[in-house]
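Two complexes follow with subunit A in common, the first pairing it with subunit B and the second with subunit C.
Entry: the complex of A and B
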């Protein structure tokens, strides 16, 4: 148990540190790598909590998401090629102000919100219990929505692909 | 602990077989490995070798981690209850690995090769996910051991042939193999591998063989009944040797993947993307639907 807490704590530290480093590097590939490392550490924390499915899905989806982000970089960035230095931060004063205000609000919230007392441990599969708690009666809506989204994606691609 | 050397060995044997079918000596992969080990790494101006080497080292590591949940016989090295999802998560790490391997050297052909992984991935991934989730639906479990055990009477390759074919096509794309080798394409003078020499190049090429082998190994529990003998043979002629049956089936799947390279020329990424989204995705959805309806009925 102590070892698990230590490992999860270390992974949490990795997630925070790599998340911070994203804004210190000067190349989009390095920023992508550090952001991915941060997300993978979070996925590993979830696995450490016994949520094997959720943790694995986080690693899977975040890796794909980073790679799709690269597709957007190619589409939208002025220089998605070489290693020309770039900065990851803009509008320094404004972002400092926003960051400090949000941090203050969240920190206050942590101390003001009454935390739930630990109830009985979840029975059976924790992923199932979490999914039920999050979605509950909306499961059918979410499933329909997911299918509609997939159909939309396929339809959009089919329409967008020009046939010569 | 024997998993990684074992994977290297089998991947090396597969590479030797490929060398034979390509009219070279079966020792070519071994000779090439020794040659690359003896060569120096190459640097290019203004490169990012640290990042490239992260990717290059990740490729074989991801292959070993993907293989860790595959039952080699009747037991998996790590019997994970969400093994199918874990396998999928490890194989998409290869996208990242090849992309940074192409990015690192700061050279045109290498960069374009690395970028080619992205359209390839976006084309194969959705049919691939549907193809690996279909056996999981039929077996009612995401554990490869349970999926293999559910095929006592009928192999899923027979029951869901479209999913099996889609799996084979998509793992070839996943290991950028055969018709999907555009990221390392000759038209780009080697693509993502163009600027890598010595150990860097060895990690990329060997990692790709290991990925292909690990993906072929996953086909055995998902579609070919795992370590059990074929259902039609009656009594097991080799009782108590699930690893043997696993090896035979792995060899067959690897042979199919090697034949794919000989049979189909290299595909352009845009054409494969069209094929994937217009034909393969609807096919995969239809296959999953049929299996789901049968399971529910």
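Entry: the complex of A and C
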């Protein structure tokens, strides 16, 4: 249990620090890999919590997604490697203020609200429980997600296709 | 405070920091791809929070279903974001939101 405190603290810190670095490095390619590191840290925390399947899905999906992102950067961005340092931000001070206020509010809530914590339960296989739920009581959720993904496939092709 | 509570609150604090960082990025960045990275960080924080609630709350299955929903949201956001970036580039040859602010012409 104390090991889990250390793991969650350390990996949470890694996720936050790499997340912050995403918006401070010059190179967008580096930013992509820092974002990937942040996602891998969160995926590892999920695995530490016992959600082995979902944690692995997050890590695998994000690895592939970030590779696609790198391709898009090289295709479209004017300065993907950060060789010509330039700032591409607007209203930095206002954005920081909003972000800090949101962080303050959320953190206050996190440490003041009395959460009901029955603690980790012995549920057997959480992946089996998830599959049962998605094919049973949560079927509507699954169908909605499927439809949303289908709409995304059609929508992305419709938006991105050349009109000439 | 019990250890379970401590782990939950630590994870939720990290999640809050991720959400705030993502918000800063989405609000301040000009590049379309960097804005998408900010949105991804917000969803990353939500993933962490959902996992923490699953673990500390006695493993309710709805929490893991929520993680599936979040992963799907991330995929949809990414796909639509890239499609919009591509459409924007095709139409105007721009990759910054400020350059895309003018109406067509």
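Some notes on this structure:
Simple rule for what comes next: the second predicted complex is superposed on the first by the 100 of 164 C-alpha atoms of A that agree within 3 Å, B and C clash if a C-alpha of one lies under 4 Å from a C-alpha of the other, contacts with A are read in each partner's own complex, and residues count from 1 in each chain.
FYI, contacts are C-beta pairs under 8 Å (C-beta built on N, C-alpha and C of every residue); 3 or more make two chains touch, one makes a residue touch a chain.
Please read all numbers here as calculations on a predicted model, not as lab measurements.
Which of subunit B and subunit C touches more residues of subunit A is settled by the count: it is C. Legend: residue contacts after superposition of the two complexes on their common chain; A:68 is shown touching both subunit B and subunit C.
Looking at the shared chain after the overlay, A:42 reaches subunit C, while subunit B stays out of its contact range. Shared-chain residue A:52: touches subunit B; no touch with subunit C. Using the contact criterion defined above for the overlaid structures, shared-chain residue A:110 touches subunit C, although it does not reach subunit B. Contacts of A:154 after superposition on the shared chain: subunit B is touched, whereas subunit C is not.
In the superposed model, A:2 makes contact with subunit C only, not with subunit B. In the superposition on chain A, the residues of subunit A touched by subunit B in one structure and by subunit C in the other are 57, 68, 157, 163.
By the touch rule above, subunit A contacts subunit B in their complex via residues 27, 29-30, 33, 36, 52-53, 56-57, 59-60, 63-64, 66-68, 70-71, 74, 81-83, 150, 154, 157-158, 161, 163. The touching residues of subunit A, counted against subunit C in their complex, run 1-2, 4-5, 8-9, 12-13, 15-16, 19-20, 22-23, 28, 31-32, 35, 38-39, 42, 45-46, 49-51, 54-55, 57-58, 61, 65, 68-69, 72-73, 76-78, 88-92, 94-96, 98-100, 102-103, 106-107, 110-111, 115-121, 123, 126, 129-130, 132-134, 138, 141, 145, 148-149, 152-153, 155-157, 159-160, 162-163.
Per the touch definition, subunit B reaches subunit A in the complex via residues 46-48, 51, 54, 80-82, 85-86, 88-89, 92-93, 95-96, 99-100, 103-104, 106, 108, 111, 115, 117-119, 121-122, 125, 142, 273-274, 277-278, 281-282, 285.
Those residues of subunit C lying in contact with subunit A across their complex are 2-25, 27-31, 33-34, 36-38, 40-41, 44, 47-48, 51-52, 54-59, 61-62, 64-65, 67-69, 71-72, 74-76, 78-80, 82-87, 89-90, 95-96, 98.
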